[in-house]
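Some structures to go through are shown next.
What follows is a pair of complexes built around chain A, which joins chain B in one and chain C in the other.
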Partner chain A sequence: MRAGRLAFLAGAVRGLLRPAPPTGAARAEEHSDPREYDATPHPRAELAVAALLALGGLLCLAFAVLLVAHPNTQLLGAALAAGLACVGAALGLASKRVVPQEVHVEEREPVPPEVDAALAAEARAGGEGISRRRVLAGAAGLAGCGLLGALAVPITALGPNLDGAPDRTPWRRGRHLVDPDGERLRAADIQIGSFHNVLPEGDARALEELGAPVVLVRVAPDSLDLPPERRTWAPQGILAFSQICTHAGCAVTLFRYPASEATSKPPALVCPCHYSTFDVRRAAKPVFGPAVRALPQLPLAVDADGFLVADGPLSGSVGPSWLDVRQSEGGR
Partner chain B sequence: MSGGADAVRWVDERLGAGRLAKRALRYVFPEHWSFLLGELALYSFAFLLLTGTFLALFFSPDIGSREVYDGPFRELAGMEVTPAYRSTLDLSSVVPGGLLMRQAHHWAANVFVAAMILHLVRVFFTGAFRRPREAIWMLGVLLLGLGVFEGFAGYSLPDDLLSGMGLAIAYGVAMSVPLVGGPFAGLAWGGEYPGPGVIESRLFIVHVFVVPLVMAAVIGLHLALVARHHHTQFPGRGRREGNTVGTPLWPGYALRSVGLMLLVFAVLVALGGLVQINPIWQWGPYELNRSTNGAQPDWYLGWLIGALRLAPEVEVRAGNLTLIPNPFWGGVAFPTFVFATAFAWPFLERRLSRDRAAHHLLDRPRDHPWRTAFGIAFLGWVVLVFYAGAADRVFYAFQISYEGQVLVYRWLVLVVPPVLFVVTKLACDELRRSGARPARGGPPAAVVRRPDGGFSVLPGDD
Partner chain C sequence: MRRRLRAPALVLAAVCGGLALWSAAAGGQQPPPARPGADPALAERGRALYARSCLICHGADLRGVRGRGPSLIGTGAAAVDFYVSTGRMPLSDPTAEPERADPEYPRRDIDALVTYVGSFGGPPIPRVDAAAGDVARGKASFTENCAGCHQVMGRGGIVVGAQVPAIGDVRAVQIGEAVRTGPYLMPVFDERRLPAAEVNDIAAYARFTANPDDRGGWGIGNLGPVPEGLVTWLLAAVALLGIVRLLGERAR
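Let's look at the complex of A and B:
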């Protein structure tokens, strides 16, 4: 009771000091004593809590038995969830009905300024009688930097730099194009409007190299709008581009080919991650979405037997941009 | 009775913490439903530790070798899979209770981040971050960032198609950091990605050891500081800046809080058992020439997907050097700006409002119109970007042009925040003027028993 009165007084003093005091009603409310205590027994609630606890325990046991005897995911989940829910509900009910209901008041105890002042003085006292402060501070700074460096540098053991990895590609003049089953592709079998996943022939690591997978599409040869130096790269309107998106490195796996040239947008490769869209007739120039660089193009030729072969390496760096990325020649 | 006292005495002779413990039992928790949001996050984290430990016993992070799959998922028979993918499949099929644990773990991650964001929103709009709680706020924002990263690291582990696509994008974003991006990505991924794999084994240590350890330490600090300053409270009967009014820890609050923990666990276990999540046997294993446009990341990455997709097609170049690659805008600059603003907000507000006083009583959002207006505008901006990340699903469901949606969103993210700001400010001012209480009943009242046995009617707490 006395503590309450003291708190009341302290509050009143603070209330006077406050620049913008609340309204009279609010102030009276603020200073009334909110403490309550109620320990009325609720026998029925106690029974309900006991029942919920027992049921929860049985359900959790059922979970244990099921796990050993019949581990069905749905049954396991339902049994354990129901068991946990019963025990949780029991505790909630006990908190509201079985144990004493109490509203309690606790005073905050901020650290008084004089304690902090004494603390600061104590800390300063540790440096008394030192004459060469600057020399010591400089040396300590050097020690700190050295220590940090020694701690941080071992992390560089984690990996090599890229060493031009994005420019590496297994594609060379004369290398055959194969489908994912390793079968060579015949130019005559590629339909206009079709899309093919393609890998370099005889490359066991093809699916571990960004520079390996390309996509093959075919459009009407007279609709091509390639830069002059790429005129010969697309025999019979067959085009191949790196499959790795130049925006964020996803595989480009969508090909939009218009049902009607007159009313639809031009044929384009689309990346399903962020929908960068590349106009294949204009050398995979980006026409929508966040990508800025064209997909590197693979120059194609048809060999004497009618199979598709590469006529050179890819035209630029594969995958996402970085500081030294090589722009695709002739592209944007 | 004396048996209980003897036991306490025995423990306390060894711990010497009796005084502290006695005070702790009387520690007061002010009551408001919104104060439970932080507890939801805390208990989801505890659940993640429990289920995650189980999963770690069965998971292998190796993606450096391949084997032919011959397990119970018939559709995958004969495929070449990595041990990472294989062990996750086995967790989902062969290990008793494994699928329940895996799905509950994944659901808990989604709930964890959602609870943290709701908690952050509550703390922001009630002004609970003000002096002396700036450090608590910053630790909380740090936890949110760590939680989002940890969730991403987690679903990147199984080496299914979704993980691989996510890691490929993350690699692209890491490469896009100006100047140092290339070497940094090469270092973190151990070379090019996709490539001969070390990334999952590194991510595994980060996911199960480094980040959880840091998060547990930060949570401990966060809670210790909360307890040191005591909880904030809304104004009400007997409540002053200098006190806390509410339920003491023992017995009422402890029972309630443990009950809440068990209910959170119950919901997560029910979700894990009954609602499918991340069916990796449907996505299939990751190959670098595969991708799909039906797979979505966990919801808390939607804002980054949206930002990557909305970013205009701009890269900054000087000669042969690409100074700022495109993924930087959406993948690095945007989240950095959002988190930096959140970190700095307590100090920004102090500077703008010139209010340097300590505050333990909470604001109603309407009583601080500028803060509320800013918060709604900022939140609305981030949520818009999040929605933009779902534009492809909207196209799929409603046939609304994807390209058209993106163009509209690019304007909306500029136009909507100022509009939200003005509307919220006006709404707060109007609510304050009128004293209206939407979504509430009549004026509250409390019937209280007097010491003499009679009853009085008092105006109740807000």
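Let's look at the complex of A and C:
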């Protein structure tokens, strides 16, 4: 039943698209005459175009009704798509079968020689009557340069205007580390292999400042391989680094910590944007990916109550590496 | 030709002989009895299983073997249950990445191993109740903590040095175990970062991702808007070009 109907539909479509057999005497000299005019009426095609247009209109109307009455995205999409498809098919069919098809070559009227000569003389005279050709050329050049300048100068605005932000940091000796909820972090609560997003305590603008967000990780203390001047920066194996990647300024939010380092990979912070990988035990030295500068490190200490505090500012400029960024000592 | 093969064959024979001797020696080693407090019968069964399948990489004293397997002292019941019940352990090649598979042992044997290794200290199997979690809160927490690697619909993917598993059909307790112990390259999410209630939420959301409420149509694996856009453009653009070509043909 269903298959039969489909076959009928397919046959009808084929019938519509197949051109009607040529009729009349004009068809016989089709190939010899470049002019072609086919105004044979196609009643079937006209009817089909009308039906398609009507159906398309109804479907688009159905979209409007559905939007108000039963806003189901699937039905809405189907109604609009089918409506547009019907209108498109109607237009396509009309252009092929309903509108008369004509190829017509129009010969140009021959131009008498005296008119031709007069036109040529007039065209030649068009260039005369300008006395300050060079002044105009110079002015045009000036206009061109001005335009180019107007286009070129704004490009400089694409560069960084960080206004010293990479070197500004709210971290000072004695400032407590807090989680995003503002609660202080106790060193004993940080498990080996875990990582935490950390902000400076009491800094209302912490989330807008480049130098504020820090990522805190803990590794086995005896596995640390920090430069000598940073030996005291990681109490109990707890390390903190700027969270802003030194490649393109994304937030470094991934930490990999191996269950068995001998058979997998060493612990590292990873930036999710381009997979820059920083070896935390060697002071966030980049070991993979596009970053070339170590993440600035925040020296840490534990206060008398067991809470984590900063033991100084960040070790270097925060954020992507521009030409004039100060290199941190641990960087490459 | 034959001459050239002789040296490698000799080396191979020596290696095989050495391995045979070494495994015979290792087979003679006995792991220590479970620490007190564990069910003795179950722990003894676990000890026998350990000696058969785990000892060769994790060592006769459970302190690991350099280059093959880490120490299990203090690893805890959660890690053992996660690795064995998800089929990641035992591993045929110690340097291979453990991947999810059908578990090698029946539940009772897994319980025995968990009891035996768990008696040497470490975090217990966490209690996770997906039914008590909230899917919406779970999505927020998952997006913040997990989606960076596991993808927002939990479909997994690849990070530097590891494949990331899909989590839609993982049991809630296994999700909790992974969160607390950090298997393979996954970091540990401690109680400070993810309280137990939040783990319940994440488990609820993870269960939701297995059968998300699709609005219909072609989900494209729920991989997100980028592949959806690509598919739309590639398919629709090709179809439109075909139609343009048809329309542009002169009527004959």
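Quick notes on this one:
Convention: the second predicted complex is superposed on the first by the 228 of 332 C-alpha atoms of A that agree within 3 Å, B and C clash if a C-alpha of one lies under 4 Å from a C-alpha of the other, contacts with A are read in each partner's own complex, and residues count from 1 in each chain.
Here is the rule we use: contacts are C-beta pairs under 8 Å (C-beta built on N, C-alpha and C of every residue); 3 or more make two chains touch, one makes a residue touch a chain.
Since the structure is predicted, the reported quantities are computational estimates derived from the model, not experimental observations.
Looking at the shared chain after the overlay, A:Gly249 reaches chain B, while chain C stays out of its contact range. In the superposed model, A:Arg97 makes contact with chain C only, not with chain B. In the superposition on chain A, A:Val292 makes contact with chain B only, while chain C stays out of contact range.
In the overlay built on the shared chain, the residue A:Tyr275 is in contact with chain B and with chain C. By the document's definition of touching, of the two partners only chain C reaches A:Ser260; chain B does not. Of the two partners chain B and chain C, it is B that touches the larger number of chain A residues. Of the two partner chains placed by superposition, only chain C is touched by A:His196; chain B is not. By the document's definition of touching, both partners, chain B and chain C, reach A:Gln74. Of the two partner chains placed by the overlay, only chain C lies in contact with A:Leu185; chain B stays clear of it.
Once both structures are placed on chain A, chain A residues 73-74, 77, 88, 92, 95-96, 101, 253-254, 272, 275, 288-289 are touched by chain B and, in the other complex, by chain C. For chain C in complex with chain A, the touching residues are 64, 66-70, 79, 94-95, 97, 148-149, 159-162, 181-193, 215-217, 243, 246-247, 251-252. The touching residues of chain B, counted against chain A in their complex, run 26-28, 96-97, 99-100, 103-104, 132, 165, 168-169, 171-173, 175-176, 178-179, 181-183, 185-196, 198, 202, 229-230, 235-248, 251-256, 258-263, 265-267, 269-274, 287-293, 305, 308-309, 311-315, 320-323, 325-327, 329-331, 358, 360, 392, 402-403, 406, 448, 458-459.
Residues 7, 10-11, 14, 22, 25-26, 29-36, 67-68, 71, 73-78, 80-85, 87-92, 94-96, 99-108, 110, 155-156, 158-162, 165-166, 180, 197, 199, 207-210, 213, 243-244, 247-254, 271-275, 286, 288-293, 319-327 of chain A are the ones touching chain B in the complex. Across the complex, chain C is touched by residues 19, 38, 73-74, 77, 88, 92, 95-97, 101, 179, 185, 189-196, 217, 253-265, 268, 270, 272, 275, 277, 288-289 of chain A.
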